[in-house]
Every structure is written in structure tokens, then in C-alpha cells.
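Here come two complexes built around chain A, the first alongside chain B, the second alongside chain C.
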Partner chain A sequence: MATAQVSEAEKVYILHGIREDLRVDGRGCEDYRHMEIETDVVSNTDGSAKVTLGHTAVLVGIKAEIGKPRPMIPNEGYLEFFVDCSANATPEFEGRGGEELGTEISNTLYKVFNNKHSVDLQSLCISPGEHCWVLYVDVLLLQCDGNLYDATSVAIKAALFSTKIPRVHISTDDEGGKEIELSDDPYDCMRIQVENVPCIVTLCKVGHRHVVDATLQEKACSVASLIISVTHKGTVTCTRKVGGGSLDPESVFEMTEAGKRVGKALHAPLMKLLQHEESLGRKTPKVGFLG
Partner chain B sequence: MAADMRLPRVRKTLSVSESASHRRDLVVPGDIITSDTGFMRGHGTYVDDDKLTASVAGEVQRVDKLICVRPLKTRFNGEVGDVVVGRITEVQQKRWKVETNSRLDSVLLLSSVNLPGGELRRRSAEDELTMREYLQEGDLISAEVQSVFSDGALSLHTRSLKYGKLGQGVLVQLSPSLVKRQKTHFHNLPCGASVILGNNGFVWLYPTPGQQEEEAGGFYTSLEPVSLADREVISRLRNCLLALAAHKVLLFDTSLLYCYESSLQHQVKDILKPEVMEEIVMLTQQKLLEQEG
Partner chain C sequence: MPTDTKRVRGPEVSQSPSLFLCHPAAVVLPSQGPRADGRQRDQVDVRPVFVRCGLVSQAKGSAYIEAGNTKLMCCVYGPRETERKDETDMKCGRLTTDMRFAPFSCPERGSWIQGSQDKDFSLMLHESLQPAVCLHKYPRSQIEVNVMVLENSGSVLAHAVTCASLALADAGIEMYDLVLSCSIRQDGSSYMADPSYEEENYSSSVSGENQGRLTVAFLPSLNQISGLQSDGEMTQETLTAGVRACIEGCYKLYPVVQQALAKAVRKAAPPPSES
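And then the complex of A and B:
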């Protein structure tokens, strides 16, 4: 995974700074870098979003396809995650170098969304046991500057918000066979309720304190981090510990509390921004990738 | 605590003076530099239909009959005497390899460092074995370019007390084209911190050392906590550097200091917000113009 080299003295400087709640870029321990979000940036997807956080850039595209529901849950659709690490981000990702990180992130995403409340999967069902919508969520990491998980989860939430699934009707012909009919109107589409979609907060333990939205340099100083996905109500849907070091139970508790607090605060501005962008309509030109 | 989220905006070019857009010596790839055949083709150019054309974006330089284009977005092309900040990547026999943002890793020979103790002596085999105690992988150093090899790799030296291993501070990596060449690249800024503006685009910010402390050949690093006030100044300077670099303002002590002064009304963490950045850089450019005019 992309890492930064840091000398011993730099580490000491970062550590002492975090102890005094003043990080290298002037942020406090629970501050995020400012985030830029744009949706509908890829025209051949059903929903897409690009998020930049510092120098981290993540692009998420969502494609809806008709598939067969899983045998155990015939009346629900499902989500598929795939994370691709572009070699543009760091030369280490060249060839199969990014695969490990990619599967790690996608496995985490499966866990985060593995509950009934994140996305209303029943609304993705077309006809129970036969057809349902499968949402392929493709994540592309364009640049890495720390905190990939958080940026990815925000991008997914934004992309899900912008996803428009065409409406279909089932008609039965004379012989009892079913036929799927697509609506003629391209604007007749279904939206996904994203209210309960969680956002991931990564807390890095640095010294005796923990920070959110760690940069690569801060990541290099931390031994372990905790990944928490939090909904807007503060419900935790998944926690994971990554990194080689250990965390004592007390700090896990503290970090979970902090994660909940920070995660809850992420949703309101995100939803406000997405609604604002939607209200601007199609006329405002997109900034895209060359701004 | 609430995260600051926004829509991306197309970045405007900020310039107080209009001159930049009218400069004839700035070219982009494909621009015809001259159709006069009396000139020689240098780096960054090619001949197309008997016309000398630029192959990179940058500044046209002419020496007699030779025309070159010096690219603006480039790695560091070192020259003898340049001050650089670099990071040790490898410890080898009698030499360290140093990452200096050039195309090839630079070399720091054991014979071109001041060993602790300061006395001049032959480097023994023992010194060779303890090289990693002086400088190990990941350590930052400041050094000067001693010579340039034929393949463009640099040979560095730290044979002066001002060069050597760097202690606590912050490294900012910028484009080498943004650093202005000056008489000195070491500055003790009046705002309470010091800065090394490496010619290679690596800028080192560190708290101004107190009394000229006992120098141990530049190998002693203090691990005492830096005071909160110093930290704030360093963080502010770091964000100012990034703001100036984002708007392509030439970096030297005055521009950095003016930017620092203009940023004082904002909180340190707000400096990197696009609108604050624009405001600060505009103020800085105005101050720089006033000072020139």
C-alpha cells in the first residue's frame, strides 16, 4: 500500500503535535481536510461521483444490471463491489500490485453494507426469485494521500444518491410467460434511498491519541487504526482494526465513541451538498477531471 | 468538527500583473519558436517543416545560435552549488543514495561529509561500518551539489556546518521550477521559524534553533518537544507554501513572508480552503508588486 517515508525526528514532531492537538497542517485531531464532491461525472454509468480529499482522489461508478436474485433471499437485489487501484496513484499498484489493497477495501465494503438498513434492497427486486437489479459499484482509486476508506465511502454514498435506475414493468403474455418492459421515458427512473447509507471513519492511533483523516505521514507514525462505519443516526454497522499494532480495550471504546461522533457529523453536510448540486440542475457545467 | 464539503470549482488564474499572458518566451508543445533556419536545435525542441518547434511547455532560452526550451513541469536538474534537501533511500559501501526529486538518485559519498567530531581525517573501515549510525534510511539531509555526473546524477556534499542531518520539522514537496535561485537558501524568518528552500523543490520548515548550540557536525538531533507557538508558525508557513505553489507564485523569503502576513487573519487550517487561498495569494501578489514598483 502507498506509504510515505518519515524520519525518526519527523515522527517525533508529528507525535508531539498530535499530543497538543495541532497537526502538521493546522488541523485538530478530529478535523477532516476539505472535501470536494461532484456527482454524475461519468456519462456511461447509472450513477457516479468523484471525491477529492487533500490529494486523495476516488472515482465511483455504479452500473445497474438485471440479474437473478440470490436463492436464499429471492425478494431482494444486491450490491457488488470492486475496487481498482490505478497505477497513476502510485507505481506500486502497477500490474497486480494494487490487488491486495483492492480486495481489502472491497471486503470491508461488503461488510459495511451487509445489513438490511443501509440500502433498501427490496426496492431492487423486479420479480421475486426471477429478476432483480444488481448494482455494480466500481471504485477507482486515482490518487492516494491517506484515508482511502473514508473518501471511498463518501464517494459511494454520493454515487448511490445520483444513481438513476430505469423503471421496468412486468407484463404477462397469453401463455403465462413474463416479459420485462422498459419505460419509454428516459427520465422515468427510480432513485435509491441513501439516508441510511453509512460513512466510514478511520481513526488512527498515534501516540496516546487518535486522529481522523490521517495523511500518509501520520499513517506512517501510527501502529494501528480502527475503521468504523456510522450511519446518520450514529448506528455502527461495521468495525475493523487494521495495522500490525494492538489497541487496548479502553482506547477501542474511546475511538468508537469518537468515530460515532465524527461519522454522524459527516452525513448532514454531505446530504446538503448533494441536494444543492441536484437543485443546480443539468445546466451548470461539470468541472470533471480537468478543473 | 463538521467536515467541510463543497463542489469543485474551475481554478482561476490569479495574476495582478497582465504581463504573464503576453510573454513571448513562454511556449507550449507545438508552438513554432522560429522559422529561421539559422538556429540550432536544443533540448525541448524539434524541427518540423524547417520550423523550430517546442516539444515541452516552458520558457525559451537562447544562447547564441542554440535554442532550448526549459520545461516548467519537470524533475530537478541539478547544477553545481545548488542547495538541496533530500531523503536517504539506501546505505551502500562508502556512499548514501539520496532522493532529491531528480531523475536518478543522488550520491552522498562518505568522504564528502563532516564526521562528528569535526576533525579532518582519513575515513577508516570503521567509519564505513558505522555509516548507518550517522544517516539511515528515511533520514532527511540538507546538502549542496558538488558535481554532476555525465548521466545527470548528482554528487552531494555536506562539508559545511550549515548542511547535514535535519531534525524536527516539516517537509513540503513542491515543483523545483517554483523556487527562486538566490544568494542564500537558508532563511531565519522574523515570524519565528526557519526555512530551507531547496533548489530541488523540497522545502524544510523547522523551529529556529536557539543559541548557536554545540554543533556536532550536524549529526545531533534534538528530540525535545517543540513549543506550541512554534508549531503554529510552522504549520501556517507550510499551508502558505502550498497556497503559493497552488497558484504558481515564485517562492523566496519575501513572498513567503508576505503570504504569512496576509494569512494572519485566518485560522491555520482554513488557509487551504480554495477561497481563502485565493484571497491570500492575491494580497501577497499585491504586496510583491508594491515592493517592486
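And then the complex of A and C:
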């Protein structure tokens, strides 16, 4: 992970501040930085979103392709995640440097979505055992300033919301084989229910307290973090401890409770914002990448 | 996608015969009553464990663990000089972990090339072991931990962590404490400690909240959690109760592991006979 060099004096300063619930940029321990979300930024995808959280920028593109369902689960489609750490973010990611971090994030994403209710996979089935929709979720890290998991999960939720999968009809042709036909109307599409898609909250243990949405400097002062993914109902779908330090069981319980609280509170404003952006339709002010 | 260019594999379209069974192989285990091997639900009933240290003569330290049908072994090499000079850290040592599954270890044949799931296990093993090893005592050195899973019959990450910390202790690497680990499978309102492969992977008949798996790595004397990993969907209270159950499971394993280590030390250096 891209790290910041922090001196001992700075570490003490950050630690003392967090003890008093005051971080370097004036936030409280459970406040997020300014977040900007824009959907439909890339026209070649079926769904896309760009999220800027402070100086962290993440771009997610979703493409839906028709594939064969998994042998053991013939009546469901599936999602494939791939995370690419672009060398634009930091020179450490050049070549294969970002591969480790990318694999770590994509493995966590597989775990987050590994349950029955996050995405309705049965709606992605076209004909059981033969064809299904495979959603390739590709995440691109453009800028890295801490808290990649949170930004990625919000971007994935926004991109899934904006995904339009074309409707298909199965017809039998003359020889009895099945043929797939896409509907002629380009606006005739299926949307995905994103109510239950979870959002990830990263809590870093700094001193005796935990902080949400840590910057790189704060990350350098913490020994361990807990990643927790929470749905809008408060269900926890995945937790993971990262970092080279250990955590007290009591602080783990405290952090899961705080993570659940913060995560639950994140969903309602996010859905409201996404629905508002959708309702503006063509009149949405497009900011793009240079805003 | 990395492909294996060194081994001649069978045709790409080979499939496991279990897909062609007349009755679907999807096992649905009952959600009530005792478990398949007679252990109890809702109690921290872990499988009896067989542990031995010092089985691999070439390695600095090694350990072998068997729990039910899960068999795995771990070898530790080091501390030795860092292979890649640009990664040498002047102040503390490096711990590298590698966890591999033998292709015949799981019911479906796996591949020798490390998939992303293997890398994920290796990373979690690394995160669980790092807090316990006194890396600052081995500057500019590298300690390698290699775990090989011979048979996967459930809770493989939990037993890998225990085995690896035993191997590190057997190698004489200085540690703050042994790392023990336990996992549970939550199914509806009841949980099963140390699940077997079928118990871990079955899709439950109770569809609803609280389905999931949880693995916790714990340092018993220091009362610190060094690794935590869960998936599925659970409420926060269930998760908290699950973590407490795993910690209890670790305490149950502690005396067995300590005894095995003491035995290995006594065998390697027998106490001087009373004269």
C-alpha cells in the first residue's frame, strides 16, 4: 500500500489529537471526508461510477456478458471482480507492484458478495445450465490517499445501480437449437436491485481509539485495522483484520459496533443521491474527470 | 491468468464425476440436532487434535497437525539473509508465508498454480502470525513459513495458523506468544465449532439471516486477537458471540499444543540425567 513517511513527533501529534476526538483535518473520529460520486462516466460499459473521497479516486466499470453458469449452481449468474492499481496512483504500483494490493482487494470483494442477498443472482440467469449473465466488475484505482476499500465499495454500489443489462429472449430456431436474441429497443433493459449491496467501512486502531476513513498519515500511526462490510439493515457480510499488529477482543467488539453504526448510516444518503442523479436524466450536470 | 506450461494436463474440458450423479450432490444438512460426527452444536466442541513437531529433518522447524480428517504440515526456514537485496529492512526482519493446497486435498481437484484463493490464505496467515513474532530481533533477515495442506476437511486456515506458530516455536524463532486459531460456522441461530468440509460448505435449508463462517487467530497469554476473518451474512451480535466462542476454542487447544512443544524440546535436548 502506498505509505506516507511520518516522523515520530508527527505520530505523537496525531495520536494525541485522536485521543481528544480531533483529527489533523478537523474531522471527528467517525466522520468521512468529502465524497463525490458520479455515475455513467464511461459510455462503453453497461454501468460505471467514479468516486472521489478526499484525494482517493476510484473508477468502476461493469460489463455484462453472456456466459455459462457455474456447474454446481446452474440457475444463477455471477460476478467477477478485478482490481487494478494504476501506476498513476503512485510509482510503487508500476509494473507488477500493485498486483498484491489488487489481489487483496478483489479477494475481499469476493467475500463481501459471497452471500445470497447482496445481489439477486437468480435474476441474472437466462436459461438454467446453459446461459447466464456474468457481470465483470473492474475497479481502477486512480489516486491513492488511504481508505481504498470504502471508496471501492461505494463505487461498486453506484455502478451496479446504474447498470443497464439488455433484455434477452430465448427462441428456438428451425433445428431445435436455442438462440439468444437481444431486444431491438436499446432502452429496454433490466436493472439490478442494489438495496442489499453492502458498503465497506475501514476502522483503523490509532492509540486507544479507532478512526473511520483514515488518511495515509493516520494509517502510518496505526498498527491494525478492521474492515467490516455492512448492509443497510445492519447485517455484517464480511469482516477482516488487516495490518501487522494485534487487537484486544474488547476493541474488536467496539470497532464492529462502530463500523455497523457508521455503515448503516452511509446507505440512506447514498441511495438518495443516486436516485436524485438518475431522476435528473439528461439534465445531469456532467463533471467528468476534470471537475 | 497464469497458465501451467510445465506440466501436461489432461484436456481442458475434464470435469469431476460428482457433477453427473443421479441425485444432486448438494448436501443439505439438518439444522437441528447433533452433527454428523456426533459433536454438539452451540458448544465449543472442537475435534481432537494430533500434533507433532520436528518431523522434517531438513527444516529449521516443522510441525504436523491432524484434526479429524484435516491434515496439514508446516516448515519454517530461517532466519536467513534476505534474497532480494532491495527489500532488506535494516530495523526488523521479514516474515514470508506461503500456503498451498495439494491438488488432491479437496473433493474437487485443484491446480498446482497458486490461485487467488491460495494467495488470500497466505496473506491471512501472514497477518495472523506477524504480531506474535519478535521481528525486531532479526534485522536484515527473512523467516519463511510454508504450509502444505494434505487433506482439506474443514477449518483449514485455523489449523494452518496453529501449525505454523508451532513450527516457528520449534525452529527457535523468538515469539511473544503462540498463535492459536479456531473457526466456526454459523447456521441460523446455532453455530458449529471447528466445522468439517461438508459443514463449512453446505447451503443451508434455513434461508435467512445468520449464515456465515468466522475464523479467529488468538494469542492466549496476551489476550490479543491477531487475525479475524468472516464471510456470509451475520448480525453484529452474532458476530460478537462467534468471536467469543472461537476464543474459547483456542483456550481449549492451548494445553495440547503446549504439551506437544514440550515433548519435542525434551526429545531434541533430553534433560541431563541426575547423577
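The definition used in the following text is that the second predicted complex is superposed on the first by the 287 of 291 C-alpha atoms of A that agree within 3 Å, B and C clash if a C-alpha of one lies under 4 Å from a C-alpha of the other, contacts with A are read in each partner's own complex, and residues count from 1 in each chain.
One rule holds in what follows: a contact is a pair of C-beta atoms (placed from the backbone, for glycine too) under 8 Å apart; a residue touches a chain by one contact, two chains touch by 3 or more.
No experiment lies behind these values; they were computed from the predicted model shown.
K.L.:
Mind checking the superposed model to see whether chain B and chain C fit together on chain A or clash?
P.N.:
fit
K.L.:
Please indicate which partner A:Glu257 is in contact with in the superposed arrangement: first for chain B, second for chain C, both, or neither.
P.N.:
Once the two structures are laid over each other on A, A:Glu257 reaches chain C alone.
K.L.:
Check whether A:Ser246 is in contact with chain B, with chain C, with both or with neither, and answer first, second, both or neither.
P.N.:
After superposition on chain A, A:Ser246 lies in contact with chain C alone.
K.L.:
If we overlay the two complexes on their shared chain A, which of chain B and chain C does A:Leu270 touch? Say first, second, both or neither.
P.N.:
first
K.L.:
Taking the superposition on A as described, I'd like to know which of chain B and chain C A:His208 touches: first, second, both or neither.
P.N.:
Touch status of A:His208: no partner.
K.L.:
Under the stated touch criterion, which partner chain does A:Arg96 make contact with: chain B (first), chain C (second), both, or neither?
P.N.:
Once the two structures are laid over each other on A, A:Arg96 reaches no partner at all.
K.L.:
Is A:Glu104 contacted by the first partner chain B, the second partner chain C, both or neither?
P.N.:
In the superposed model, A:Glu104 contacts chain C only, not chain B.
K.L.:
Considering only touches as defined above, state whether A:Ser7 meets chain B (first), chain C (second), both or neither.
P.N.:
A:Ser7 sits against chain B, while chain C stays out of touch.
K.L.:
Which value, in Å, gives the least CA distance between chain B and chain C in the superposed three-chain arrangement?
P.N.:
In this superposition, no C-alpha atom of chain B lies closer than 12 Å to one of chain C.
K.L.:
So in the complex, which bits of chain A are touching chain B?
P.N.:
Contact set of chain A toward chain B: 5-10, 12-13, 16-17, 20, 22-28, 30-38, 50, 52, 261-262, 265-266, 268-270, 273, 276-277, 287, 291.
K.L.:
Contact residues on chain C for chain A in the complex?
P.N.:
Touch residues, chain C against chain A: 15, 19, 26, 116-117, 119-120, 123-124, 127, 130-132, 207, 209, 211-212, 219, 222-236, 239-240, 243-244, 247.
K.L.:
Help me check something: in the complex, which residues belonging to chain A touch chain C?
P.N.:
Going through chain A, the ones touching chain C are 71-72, 103-104, 106-107, 111-112, 114-118, 224, 226, 231, 234-249, 252-253, 256-257, 260.
K.L.:
Can you tell me which positions in chain B touch chain A when the two form their complex?
P.N.:
Its residues touching chain A are 1-11, 87, 89, 137-140, 166-171, 221, 223, 225-226, 228, 231-232, 235-236, 238-239, 267-269, 271-273.
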